[in-house]
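By written order: A, B and C. Residues from 1 in each chain.
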Amino acid sequence: MTSIGTGYDLDNSVFSPDGRNFQVEYAVKAVENGGTSIGIRCKDGVVLATEKLVTSKLMKAGANKRIATVDRNIGMVSAGLLPDGRYLVSRARQETASWRQIYKSPMPVASLAGRLGSFVQMFTMNGGLRPFGITAIVGGWDSEGDMAVDGQVGAGPSVGAGGKASGKKYGGPFLYMIEPSGLYWGYYGAATGKGRQAAKSELEKLDLSAGALSLEQGVKEAARIIYVAHEDSKDKEFELEMTWVSGLSGPTKGQHQEVPKELREEAERLAKKALEGDDEMEE
Amino acid sequence: MNHLPQAWGRPRDDVYGAYDASHFQMSGPTQHSSRPIVTGTSVVAVKFKDGVVIAADNLASYGSLARFTDVKRLRTFNSKSVLGFGGDVSDMQYLDRLLNSLSVRENYSTSIDDSGKSDLDAHNLHRYLSKVMYKRRSDFNPLWNHILVAGLGEKDAPFLASVDLLGTTFSSPTLATGFGAHLAQPILRRQVPDEAASKELSQEKAVELIRECMKVLFYRDARSMDKYSIAVISKSGVDLKEDEKLENQSWAFAEGIRGYGTQVN
Amino acid sequence: MASVFSGAPPAGGPGYSFKSTPTPSQASGIREHSFYPYADNGGSTLGISGADFTILAGDTRSTSGYSINTRYEPKLFKIGGEGPDHVGATLVLSVVGFAADGHALKERLDTIVKMYKYQHGKPMSVAACAQRLSHMLYGKRFFPYYVHAILGGLDEEGKGALYSYDPVGSYEREQCRAAGAAASLIMPFLDNQVNFKNQYMPGSGEGHALQQRVPEPLPRADVEALVKDAFDGAVERHIEVGDGLQTMIITKEGIEERYAPLKKD
């Protein structure tokens, strides 16, 4: 690596002469070694899935969850250094809690992504700090219904606009990905970690921007993509962990939850079948 | 015309009296609430064989003024327990938000695998609330409420308990706050004198009993109204109705009242 | 601008509000401060120590004014032992007065006694616990726990030990003590029946020569009968006492807890 020995890679607050922050680039390397995580923004919800590499047979199956809930309606998963991921989750929970204290309502996913982006970026500009060794995927559902203000006692005025413009759509599914540099974008489908390349090309095939994929299909695709992405590191054992969040009329009623066992197992069965199918084709 | 610019726009002391600068209160002693402002009246509740019924009317009064007529004083917690608030409405809203943030935080450490078994139940909630209320009274900054906590406690047994602004707690098969403690509690106790009687009581009887109490309270409590909320908590969950009307009122008894107003005998 | 127009209007002219800069820190007059942090929850307790046992008893009624909050709210608490059920506890605390303070006091003492065992590897002696309780009460000398506490156990020789307290921690070891609403009814009865006050040896003489009957520790059966009689008497004459009688008997075998109904009127 060209950066080694130049001294420009030792500190966050120092650029290299060609305008690079090597500490951030090393952080990206940490991400590239982590298990694959993906997020899919479907028309009626968001699915998050992660390839949880089993580091020891002494750990209980299904325990030690990787995907965290933030507030009630947002999920977060990351690839890279796990403790860094937990730290960002705890920050996200603080942000949503303080948002509620001020605005008496849940934090929109877009606002949370913005705050987290700024937070992560802060670690790239100061000497003595180390950038986050993670790329985080944040998915959630902003309520489409009339959200009661926290602590609200009545139904409010029965006439008038009630603060809403007619014809405008409120709420819906949102998906963001935040990188070690603090860069964040909104996505239809996001992938990070070791198998991100394979996962991304699979996500692109789904034509997510058309907004046709349903949440349940999304769950099955997510399981399949994690299995596809795992192909390159087949020697390692892994567990599939999946969560989802739907609208108020959907299966999770606006809350971020684990995908129920039956559905997850069905998705895994289909994923394995699809992989076997591929193998046969290759032969 | 006054030629002193520093006096322009200011009320003259000889006309209006000196300004009471204490209203600024930018510094000085911290002020705490010394009385409730917007208030809700009674909450009544009874345990029956597989759950609890609880009710409160939808009125928030400003002194004797019926100020807000669409105020929901029954609040669900974790879709498992119901709180009935009497007393100050703003303190109720504060507690509602406090408990909401507690619920969000608790939710982080519980997994879907145990299907809500590790959620805080009514018993846990009551203990938590009693500590909050006692702490606030000990700081001379009370939350001006009397609260009934209804739900299912250990082993899904019906749970009903109360906590007030002093942090005093007690539990009973029937409970009522405020005016209800005087008017509804005797009616409730006649039907449900003890724990054994509540284990015999059916849900239908319990609901009927509570509705009867709401009616009596509306007849006699001047700070009550005929629109109310009622919740039934049982193993099948919380059934909360927030827009009930009192039915089959009979004001015939009013004719017989003597000794008030213009009728003195 | 401020420097141009600073200062008060010239003396002699009419006064204006905000004569100079407002001084908001000065409070005007006395403001209402009506929150009173205590309540009286009625009820009565008593304790009697014997040669190898101690009995504590209390009624289970909780009141506010003329209202009965509940018919079952225990005033006797096991202190120490293992876990929330106090398995193997040897100490009993009774508190009567302001129930919320009573609960807070009991919870604090319980944690202290449990921590003592974790730190020293042996259970706390009743004498040590008694002095610690006194310190806890005195620690809130200027915002007291509004309770009359009685602590019971067995001393290091296995004899019944009973300590009684005032709300600010003054305490002494006694043979018997009544506390709470009906203390003034029960205590004279105990003086006469336990310490044999005003009982004299028949035929021992006249006037100053008359000899007092010498008190001696009473057998357990007699003491249990005394407790029942004391409460039956108090229930008859005091409206805040009744509903149920909770009794705890501490012997070297452990703590035996009993409940018996009292009149509910």
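Just so we're on the same page, a residue touches a chain if its C-beta (ideal position, glycine included) is under 8 Å from a C-beta of that chain, and two chains touch if they have at least 3 such contacts.
Chain labels with UniProt names: A = Proteasome subunit alpha type; B = Proteasome subunit beta; C = N-terminal nucleophile aminohydrolase.
Note that this is a predicted model, so its numbers are computed, not measured.
Interchain contacts link the chains end to end along an open line, per the touch definition above.
Averaging Cα coordinates per chain and for the whole protein, the chain whose average falls nearest the overall one is B.
For the pair chain B (Proteasome subunit beta) and chain C, the distance between C-alpha centroids works out to 30 Å. Here the spacing of chain A (Proteasome subunit alpha type) and chain B (Proteasome subunit beta), counted between their Cα centres, is 41 Å.
Centroids built from CA atoms put chain C at 57 Å from chain A (Proteasome subunit alpha type). Interface residues of chain A (Proteasome subunit alpha type) facing chain B (Proteasome subunit beta) in the complex, by the touch rule stated above, are 62, 65, 68-69, 71-72, 93, 96-97, 100, 104, 150-155, 257-258, 260.
Residues 4-7, 10-14, 16, 18-29, 31-35, 130, 134, 137-138, 140, 142, 162, 166-172, 175, 181-182, 185, 194-195 of chain B (Proteasome subunit beta) are the ones touching chain C in the complex. Against chain A (Proteasome subunit alpha type), in their complex, chain B (Proteasome subunit beta) makes its touches with residues 60, 68, 70-73, 89, 92-94, 96-97, 100-101, 104-105, 107-108, 111-113. By the touch rule above, chain C contacts chain B (Proteasome subunit beta) in their complex via residues 5-10, 13-18, 22-28, 31-35, 37-39, 41, 62, 64, 67, 69-73, 98-100, 103-104, 143.
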